[in-house]
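Each chain gets a letter, A, B, C and D, in the order it is written, and its residues are counted from 1.
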Amino acid sequence: MVNVAIVGVTGYAGEELLGILLKPPAVRITSVSAKIDKPLHISEIFPKFKNRIDLVCAQPNIKDIVADSELVFLALPHTVSMEIAPKLLNAGKRIIDLSADYRLGDIKVYKEFYHCEHKDKKNIPGAIYGLPELYRQDIKNASLVANPGCYPTAAILALSGVLACDTGLLDLTTIFIDAKSGVTGAGRKIAEGFLFSEINEDFKAYKVDSHQHMPEINQELSKIAKKKIKVTFVPHLLPVNRGILETIYIKKTKKLKAKSQKLITLYKKFYNQEPFVRICQEGVFPRLKDVVGTNFCDIGIQEEADKVIIVAAIDNLLKGASGQAVQNMNIMYKFPEQAGLL
Amino acid sequence: MVNVAIVGVTGYAGEELLGILLKPPAVRITSVSAKIDKPLHISEIFPKFKNRIDLVCAQPNIKDIVADSELVFLALPHTVSMEIAPKLLNAGKRIIDLSADYRLGDIKVYKEFYHCEHKDKKNIPGAIYGLPELYRQDIKNASLVANPGCYPTAAILALSGVLACDTGLLDLTTIFIDAKSGVTGAGRKIAEGFLFSEINEDFKAYKVDSHQHMPEINQELSKIAKKKIKVTFVPHLLPVNRGILETIYIKKTKKLKAKSQKLITLYKKFYNQEPFVRICQEGVFPRLKDVVGTNFCDIGIQEEADKVIIVAAIDNLLKGASGQAVQNMNIMYKFPEQAGLL
Amino acid sequence: MVNVAIVGVTGYAGEELLGILLKPPAVRITSVSAKIDKPLHISEIFPKFKNRIDLVCAQPNIKDIVADSELVFLALPHTVSMEIAPKLLNAGKRIIDLSADYRLGDIKVYKEFYHCEHKDKKNIPGAIYGLPELYRQDIKNASLVANPGCYPTAAILALSGVLACDTGLLDLTTIFIDAKSGVTGAGRKIAEGFLFSEINEDFKAYKVDSHQHMPEINQELSKIAKKKIKVTFVPHLLPVNRGILETIYIKKTKKLKAKSQKLITLYKKFYNQEPFVRICQEGVFPRLKDVVGTNFCDIGIQEEADKVIIVAAIDNLLKGASGQAVQNMNIMYKFPEQAGLL
Amino acid sequence: MVNVAIVGVTGYAGEELLGILLKPPAVRITSVSAKIDKPLHISEIFPKFKNRIDLVCAQPNIKDIVADSELVFLALPHTVSMEIAPKLLNAGKRIIDLSADYRLGDIKVYKEFYHCEHKDKKNIPGAIYGLPELYRQDIKNASLVANPGCYPTAAILALSGVLACDTGLLDLTTIFIDAKSGVTGAGRKIAEGFLFSEINEDFKAYKVDSHQHMPEINQELSKIAKKKIKVTFVPHLLPVNRGILETIYIKKTKKLKAKSQKLITLYKKFYNQEPFVRICQEGVFPRLKDVVGTNFCDIGIQEEADKVIIVAAIDNLLKGASGQAVQNMNIMYKFPEQAGLL
């Protein structure tokens, strides 16, 4: 039995996390908190939890959290996590941070894309990037897990299958990632651009090749490829609540053209033991419907004479946020990795 | 040629009005204004108007509006119209006010439902309720037209067909109006409740039997029936951009049961000359798709042994707001009533 | 451990049922079948089940079903269930039938609303109407459970709270039920009216006061009220995937006007022990978002001087179909009633 | 005044065409026809046209069409147009064909992508590809206009701005077109994949690099560039009714890197006189909302060190089909090019 606290329970990721953590018998939610005017029962904030959980949500109180829990999920906006995390780490707590605060190793990049100074540089080097498919061993003993961003999760899983095998197969100077995300990907932002009548029946690109998840993708792909990679990344806003689908275009190198083995075979082998990555049959491609509500990442691959097209899909709130956070918890506490996630 | 000004052009009704008024050759838009931080070209605010109109939108300047236009559309929130209208009327301008400020004859009711004191009581008695099907003659010479609310337009048209013929046919003590509206009905409100992810895949009742359009419906139905009518009115929020559909339940009286003539015949006769009211064939009922993008009100009637079910549908931004406003303009200036609206 | 078969797994209800039944440890799915051209792995039909279940779906084979399972879920269109059910019952199997075939006690009514003769009259009297809130005791030992329709589930739960206490409180001659349903309520029908572009951004009434669920509502309310009840029932089609919300209008009688106790108190008391019925606080009303994905029925009540407005919401595929079927299974096999449903 | 016939009025393009052609005073619709079981008033098929047009729609009768009209719009599925077109051309009629039958110059390509033999090879060479921005002069006197496909319209306009200026600026071996379309793009197809509950809240790629519009794009770009071009084209299905947005990725050549002039300037100059192409300001990108309901193609351009990202958006039923057809008619009959389209 592990006692957990959720800080930032009122955002989409926090709400989702709460829903998942109600299920597994080995988890006890001891505290839920958020930036909130006055304490409220969770079921007053989210009527859907009525008759299911009876905790009161108040402003986070570090002392209480430390006393009541051993694992803390921080489902907070970036810059807020790094104010709370050091206090919890000092008190010996383990943390899974869903914000971007501990994902980027380079604080100059952090500053450039998040427009602020990092206030907890000390804990960055010890943070483990929480993508189980790449860092499962490190996650087991981590004190601070930096849970990956939603777009990066899909992009990195889509490309690791080939990069981890042989970086010479693809022309890594031309990776074009055309990403499409449902609206909850942006969090519960109250702004004109997120009104129903603005998004319904609309579709658009935004932050063209300048999104803050791009350096996270570059950092992780570069680590795998062991050379500097800089992708082109264009996100688009889909008029759906949940789900991310990314279509990735890359040119082949001569090496791959000469190879007899198909890419899809490489991928199936690479992800063979992974409980949450599914490789589609040849000619089949992922769709949101098959992954929304699940922790799966589905990947489809089209291999042509001189290029490769890879399509990957996840639920941005599950494999792209809270589901992956619980997967990390399961690894940290040696629970079955799928507990609460099927 | 009539020179018109639009005050409040940045709201949904103002934006729609602008789109319509670009079409008829007999109208010149001389001024567009709104509560806005700094002057902007209309196409900067609404890129869809690029290459179509080149006016600058700034804060409303009464002096300029008076100098440049003879008819002013006020597409403003309630309480704002009544601050501007008297100045324009004093300068001899004609006004079509899309807010609720001049719709209710009884300022006590206004205060109860709009939670503020009326500041221009003087001009209320002279205002004409701008529902052409009932008040066309008065609209012709009106200085101040109070353009009806969206819900009331559908409800009043749905019930006038029978009430105007014989108020004894229905049991007027039990009129249940179950109304459903698309999201633009509420205006461009930036609030959590109007976020895409809150409304998409959701549906709910709101302001149950307490909506501010209810007294407007009661006032107008009472005028027609020449007796006090108090409907039950429950609005619901539909996950669509546009359109209102109301399903109305009423018990018959013995008089109607004894009558040989069908209600649908009464309706067809009553609306015979109306360009924008269409009565559905027996067994056919309106749907949003057939009225959205048009200025029509479609009405379907099911007559049973002891009760009547009436379904009415309009586009809340057209027949329920800006389309009706232009219809009123056409009447005021003796233009063909359908000009710009087909 | 109970061995279960799902017949009709390819429809919405069958697909949903499969998803639920994968969860509880005490259930083993031994057979999935459907009207299908050639046998296919379930994950070929529904890629979302890939890596989760590995059964092959083929045409239903009664002999195999009888051999492998003790409980059979029939998620079939009406008229198909009654061809299979007798064979299974004769072989001593228990059945939860999600079709309408065994819901109506009166075969004349069945013929009128389902346009065909009933072919298994013999088993109708023994069928138990599977609404646990009303018939839990009977369900425990039932051989054949007639799982309620989606609209009736919401309507009957919305009205039982008051009818079961005192039928004299409301004027039962005027019950107006304005119902709105998501698209999966109609099953996976391939017809022009269910195309995306026909339903998206649309809303309409259909089968006005003539829907086949109306006699089911009348039958059950009459049983509770111990007098003949005939409701007015108008369903509408919502542009959402899932969820039903019904707004019900009824006049009070003098008796209720004279009563000191509030209706909401009666409801809270009546449903006090029910795990899946939640009564909203005064002034709060259900919305789809709070029930979709759950087996709850949320009920809100507005009591006014001379009338009552009741709003009820369920997920049509869960409490309105497959969730309720599993709830019935749990009761039949003495499992915890919420197993697999939270 | 021109007398026009619409053949295939019941499809999305035909319905849209009818709506547009009701507006301009210089057009008289003399005949509407479609594959239909029995003759019906247009308002029985599309209630939205009630009180607006009173023609009867029946099976197309070539003799009557020839007698009554001088211009015929064929809004038919491919393979059907080529059976009717020769008869009309022989009778001296002018045709605007919205199908794909006369778009491809190479019948082998036609066969490969449309899976059938072409039956009217004779008229292919004389057909004019109806993209006014490229072929306005030829359209003026055309007898047979092959109205472009929806995806090709956006793709060709997005790329012509640079290709028509200098084909050496971009690496034409790597043109990746990531296209997203609303559902009406596929026509009114009654198939499981187009059901509301299949598309709503979903998103997916389809016909990955094998869509029949790809050879049309290749043919036209090759003509402009005067060299063989083969794009990579991946279409996706958006859960919206209307609109296409394409995001295009291309590498720069050294020539463009060395150039002082920005691409956006080239585009503004190239499309300077075009009434229906709008180039976005730097840093601004098109969105569906701004083009849906209009005949505009909006284009946004992001120029980076070594690559270019171009985003283009149109309404698939207007600039991508019926709007463009009317634009072609306006050119053929020397009407103002924007008549009926603003």
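To be clear about the criterion, contacts are C-beta pairs under 8 Å (C-beta built on N, C-alpha and C of every residue); 3 or more make two chains touch, one makes a residue touch a chain.
Computed from a prediction, not measured in an experiment: that's the story for all the values here.
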Task: Pair joined by the larger number of C-beta contacts - A-B, A-D - done: A-D
TODO: Average the CA atoms of each chain to get its centre, and name the chain whose centre is farthest from that of subunit D.
DONE: C
TODO: Find the geometric centre of each of subunit A and subunit B from their Cα atoms only, then give the gap between the two centres in Å, rounded to an integer.
DONE: 47
- [ ] With chain centres taken as the means of their Cα atoms, state the distance from subunit A to subunit C in Å.
- [x] 37
TODO: For subunit A and subunit D, let me know how many angstrom lie between their CA-based centres, rounded off.
DONE: 39
Task: Multi-partner residues of subunit D (each touching 2 or more other chains) - done: 198, 201, 239-241, 287, 289
Task: subunit D residues within the subunit A interface of the complex - done: 174, 176, 178, 180, 198, 201-206, 208-209, 232, 234, 236, 238-243, 245, 247, 249, 251, 285-289, 292, 300, 302, 304, 307, 309, 311
TODO: Please name which positions on subunit C make contact with subunit A in the complex.
DONE: 22-23, 46-48, 50-52, 201, 275, 278, 280, 284, 287, 289-291, 294, 296, 298, 342
TODO: State the interface residues of subunit D toward subunit C in the complex, per the touch definition above.
DONE: 12, 183-184, 188-192, 194-201, 239-241
